[in-house]
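In what comes next, chain A is part of two complexes: it sits with chain B in the first one and with chain C in the second one.
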Partner chain A sequence: MLRLYDYLLSANCYKPRLLLSMLDVPHDLVPVEFYPGREHESAAFRKINPLGHIPVIEDDGFILRDAHAILVYLAGEYDPARTWYPTADPRLLGGVASWLQFAEGTADTASAARLCVNFGYEFDLEACVAGAHRLFRVLDEHLWFREQEGLDWVAPAAAPTVADIALFPDVALSEEGGISREDYPSLRRWTERVQRLPGFIDMPGVLPVAPLPYPPT
Partner chain B sequence: MNASVPQEPGAAILDLWHPVAIREDLRAGETTRTRLLDRDVAVGLDDDGSPTAWLLTGAQHDAAATPRLLPTIAAYEFAWTSLGTPPEEIFKIPECDEPDRRNLATFSVGVHVSAPRAVENFLDLGHFPYVHAGILGQAPRTEVADYRVEVDPETNELWARDCEFFQPQAAAASTDGQMSQYTYRVPHPYCVMLYKSCPTDESRFDVIALFCQALSADRVLFHTFMSVIDEVSSDAQIRAFQTLVSAQDKPILENQTPRLLPLEVGDETSVRSDRASVAYRRWLGDLGVDYGVIPRGAHR
Partner chain C sequence: MTAPDPASLLHPVAAGADLMPRHVVRSRLLGRRLAIWKADDGFVNVWEDRCIHRGMRLSAGVNDGAELVCQYHGWRYSNRNGNCVYIPAHPGEAPAGGLRVATFACAEKYGLVWSGGSPDAEPPSIPALEGGEVLVLRSLPVNAPAALVLEGLAGYSFRPTAALGTDTPITTSADAGNPHSVTVTATTTGAESSVVFFIQPAEAGRCVIRPVLSAAPAPEERLATLRHHARALEELRAQLEDSSPAEAAVALPLATLEPLRSGGTAGAAGGRHPQLQVRVARKWVCAEGIAAFDLAPVAGELPSFQPGAHLDVHLPNGLVRQYSLTNGPDLTGVYRIGVKLVPEGGGGSRCMHQSVHEGDALDISTPRNNFTLRRDAARTLLIAGGIGITPLLAMAQTLARQGLTWELHYFAQSDDHVAFDEMLAPLAEGVTTYCGLSPQETGAELTRITRHYGPMQHAYLCGPGPMIDTARSIAAEAGWPTEAVHFEYFKNESARDDSSAFDVTLARRDQTLRIGAGMSLLNGLRNAGIDLPSSCEQGACGTCIATVLGGEPDHQDVYLNDSERAAANRMLTCVSRAKSGQLVLDL
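== the complex of A and B ==
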């Protein structure tokens, strides 16, 4: 069975958890105590990932680290429809890769702010918050234009891609780092759409969305 | 009357012991910076390995200046300090001395809420089936049976007794649902604990405590502590259980308005199951607590 080395409160671990659930892939979660135990930095865990980071997956002897790399692998291996990582369309694929890169930016800002506030990490909180707002503004605008084209997702496709999964946790948990989403209506509508995808699971800090008054079409 | 909300804590808060670090996180030769009551505090270990804390004010950020040492003690896996004149001893949790107990600092997290709001939430049985569904409660068994609240005349601590609630997974070691018996104890304006029937030993109680470190009037470090009888679970499993429960509380607490706890009766509507909350507010007012709260008669 596929194993995910996981920590409940990690935004990066939430990404593969979310995609595994949406793709309905059976898996075991192996808890790694990030806080307060710092187990990811232990000698035992460094044998699995010398960088001492989570998440890591182990699939039939294949070990892979880094959230976005794991998303790409899971989509390639477990999505026969090839919509989550759309290899058939080079332009779309390039767009997905570009938004994965953008999500590294939200991890370094929005997610880092959350680590400061929640767990006392000594990053420059003000700079993290300001950086996150810059990126959220860009993403909000981008999603507004997508909506005008009748498209729901970050990449210009009818179906969601790994880019949506890569961006969702940092956005949905941003309030914990003191980054309000009040000024980003398109961003808020997009998080609701992600939350209504089949197989969606939440994590602590992601507040459930109210049910729609009518069944989604 | 109609004074504004005080910005500085008075003696009722200054003279208390406050948690400032998990004891295990402190290492010889290293200094941790933290906040307490809107002030910068450094915590470290002295030559004997006992925790030590000092205030960082202006020039004292400069390492060369002589720091103003604060009184410091180690208790219940935490280092505690005080900005005023603290009592000689911190409140007692006698259960922790039982030889087969496991005493653990379980999980700490920053929460954007006042310490009294966090304590009040801890006292609330009613939120279990909604916020901790499947663990500490389960719909439709949502009724909070009546319970007693009293102030112990000797210690002036607040107690809520004879609390009972159905819990699908009461603790890390639970294998089945149980009717849990709870006793709540508030020994300190910002600290609260509960005694809860232990799933592995019917004659004794697990102790779960919340020690709030008030970073400012409306921000806390939410420190949890457990003293449990559990021969089965690993430390990491016990901590994982508390991590999940605390993480579920965090967004609920952060969405409460106002963040400060109003002490005026009638500012918020209470129902019968809020008996403990109502008594806690009155008790804080009687102690003269003026920080993390909207005092009686003050306008917001």
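== the complex of A and C ==
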């Protein structure tokens, strides 16, 4: 059985948890006490990941760290339709990779702000918040134009990709770090679309949305 | 020229396209946070973004299409008037009438949603946008004061769609026709185009630019046009934010917006006074001997109601009658009631059938609910006899909309007596009708229907007296506790005895009244100036209930269940009296 070294309140661990659920992959969660125990930095955990980070997965002896790398692996291994990580279309694939890189930015700003506020990390909170707003402005405009083209997701495909999963937690939890989404109406609509995907699971801080009256068949 | 008070005008607060189904838009105007949502009936609600319970933002809530649900403790607010209609922590009680979120005026024009100002204020009229199809461009929030932004927008430069990708010379002119918008017109050989920039003053130092293009381009040029303006506006924003003072030195007048109050004149809370005037918008025969009425407001929005609610209708012949609302949460804008003709009755139903017509005005009370529906049951059984379908129909629609588990069993004299077909049809999966059964057959069906009781199940009964009596005793035998069986009688058919005389002490007033034989406690209280609300005045509806602090009540109503009677801590003042010589009431 696939194992995910996980912490419930971590935005980065939520990413693989979400995709595992959406792909319906059976798995075991191995809780790592990130806060306050800092178990991810313990000698025992460094044997699994010398960098002392979560998440990490272990799949039949194969160990992989870093949230976005794990998303790419899971989509490649467990999505026979090849829509979550669309290797058949080089331009689309390039777009997905570019948004994964963008999500490193949201993790370093929006999610870092949340680490300051909720978990006592001593980053420059003001810089994190300002950086997150810069990125959210770009993403909101991008998603607004996607809507104008009749498309729902971050990458220009009919189906969601790992880029949506990589961005969702940083965006959906941003207000815990003091980053309001009032100025980003397209971003607010996109998070609701992600939440309505089959297999979506929430985490503390992600509030449920209303089901649509006539769910698309 | 003195600028008009910004708080008295309508301002844009969202784009019409932002109001997606089952979505709640978060916005802000003059420092006031707004939650904006469109119900399934198309009504756009602009509310203060604050649950009246614990202050949670309603824009984080769930729009279920007819009610907005707060994420914190699940308080539900109804479409149109913002009244709280359900509090999960008090599942068996109707929320008090005053529990209501602040609502604001709303209008839609030029593809934008407008709010603020007085209820009769109108969005501005801009000549450039009249008489043609417009295109709403992407709005842009700016961290700069509105005055500075308006000034900067006058210098906006763009190319008309027909001249995109060319380098023909462009001339632009700006016209600040009103203090809250700027019209910029670009002209080139053979092409002219205007953009109107409306400003949403969000708060001091921050506003939202909402641009509208005068002539919608052809579909194939739409995206290019949108991108052209988005880029130009983005550039302008960068300049504005750079030159904006770091501290918001130009403060906007953060005036408080007055909530829109509506729903007719509020009458006195007590007594049986009409509180609202309505118009009979539609009257039709919905089954053999049953007339249905849609009652529409004369002005404003009707006060909200919960499933199980009834209202008093003050008839032209002077009688006052109670009718249950059949409305589910989706039927807004009217109260729908059903009236069964009872030829040998007191004249109420005859008057409704024969003398009340479409277009007539009627005086009514606001809806009251003493037959409240819990929305936390594992399974809800609804059992209707005849015209008793009316409150249960409202309940079935509410439970169906929320995806809860329910079944409706409807006993009628014949197929022709089955009322409200068109409202039952969408509920068909949960509805079973029984026509023309004898009392024995009805009893057998009731035994079958109630045979499986489980924890957190609730049953609601409404119908003729003998049927409710039978259903209650059958349910009790099947193990249903009295708390789980809720009922509403049409009328109190039990023999009543008002020969007793007693004293009643009003604990909060330190006053004692003598209630003599032949006088009701309710009238005794009214004679002493205590105007208790009442409705049916025969012990069936529960409106005139009072809390008993001492003494033994002589219950003569059909509203309280057996355990409530035994508890002896509440009584209906219209028919019930005292077994002891003295009663103490919490009045």
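Just so it is clear, the second predicted complex is superposed on the first by the 215 of 217 C-alpha atoms of A that agree within 3 Å, B and C clash if a C-alpha of one lies under 4 Å from a C-alpha of the other, contacts with A are read in each partner's own complex, and residues count from 1 in each chain.
Quick note on the criterion: a contact is a pair of C-beta atoms (placed from the backbone, for glycine too) under 8 Å apart; a residue touches a chain by one contact, two chains touch by 3 or more.
Owing to the predicted nature of the structure, the values given are computational and were not obtained by experimental measurement.
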First (chain B), second (chain C), both or neither touched by A:P36: first
Partner chain in contact with A:R189 - chain B first, chain C second, else both or neither: second
Which of chain B and chain C A:P208 touches, first, second, both or neither: second
Chain B versus chain C as contact partner of A:E141, first or second or both or neither: second
First (chain B), second (chain C), both or neither touched by A:E176: first
Partner chain(s) touched by A:G120 [first = chain B, second = chain C, both, neither]: first
First (chain B), second (chain C), both or neither touched by A:L64: neither
Residues on chain A lying within both footprints (that of chain B and that of chain C): 207
Sites on chain A touched by chain B in the complex: 8-9, 31, 33, 35-37, 39, 117-120, 122, 175-176, 178, 204-205, 207
Complex interface listing, chain B residues touching chain A: 22, 24-25, 33-34, 105, 107-110, 112, 221, 235-236, 239-240, 243-244, 247-248, 250-251, 254-255
Residues on chain A engaged by chain C in the complex (per definition of touch): 141, 144-145, 148-149, 181-183, 185, 188-189, 192, 207-213
Interfacial residue positions of chain C with respect to chain A in the complex: 14-15, 18, 20-23, 25-28, 40, 60, 62-65, 71, 138, 141, 208, 222-223, 226-227, 230, 234
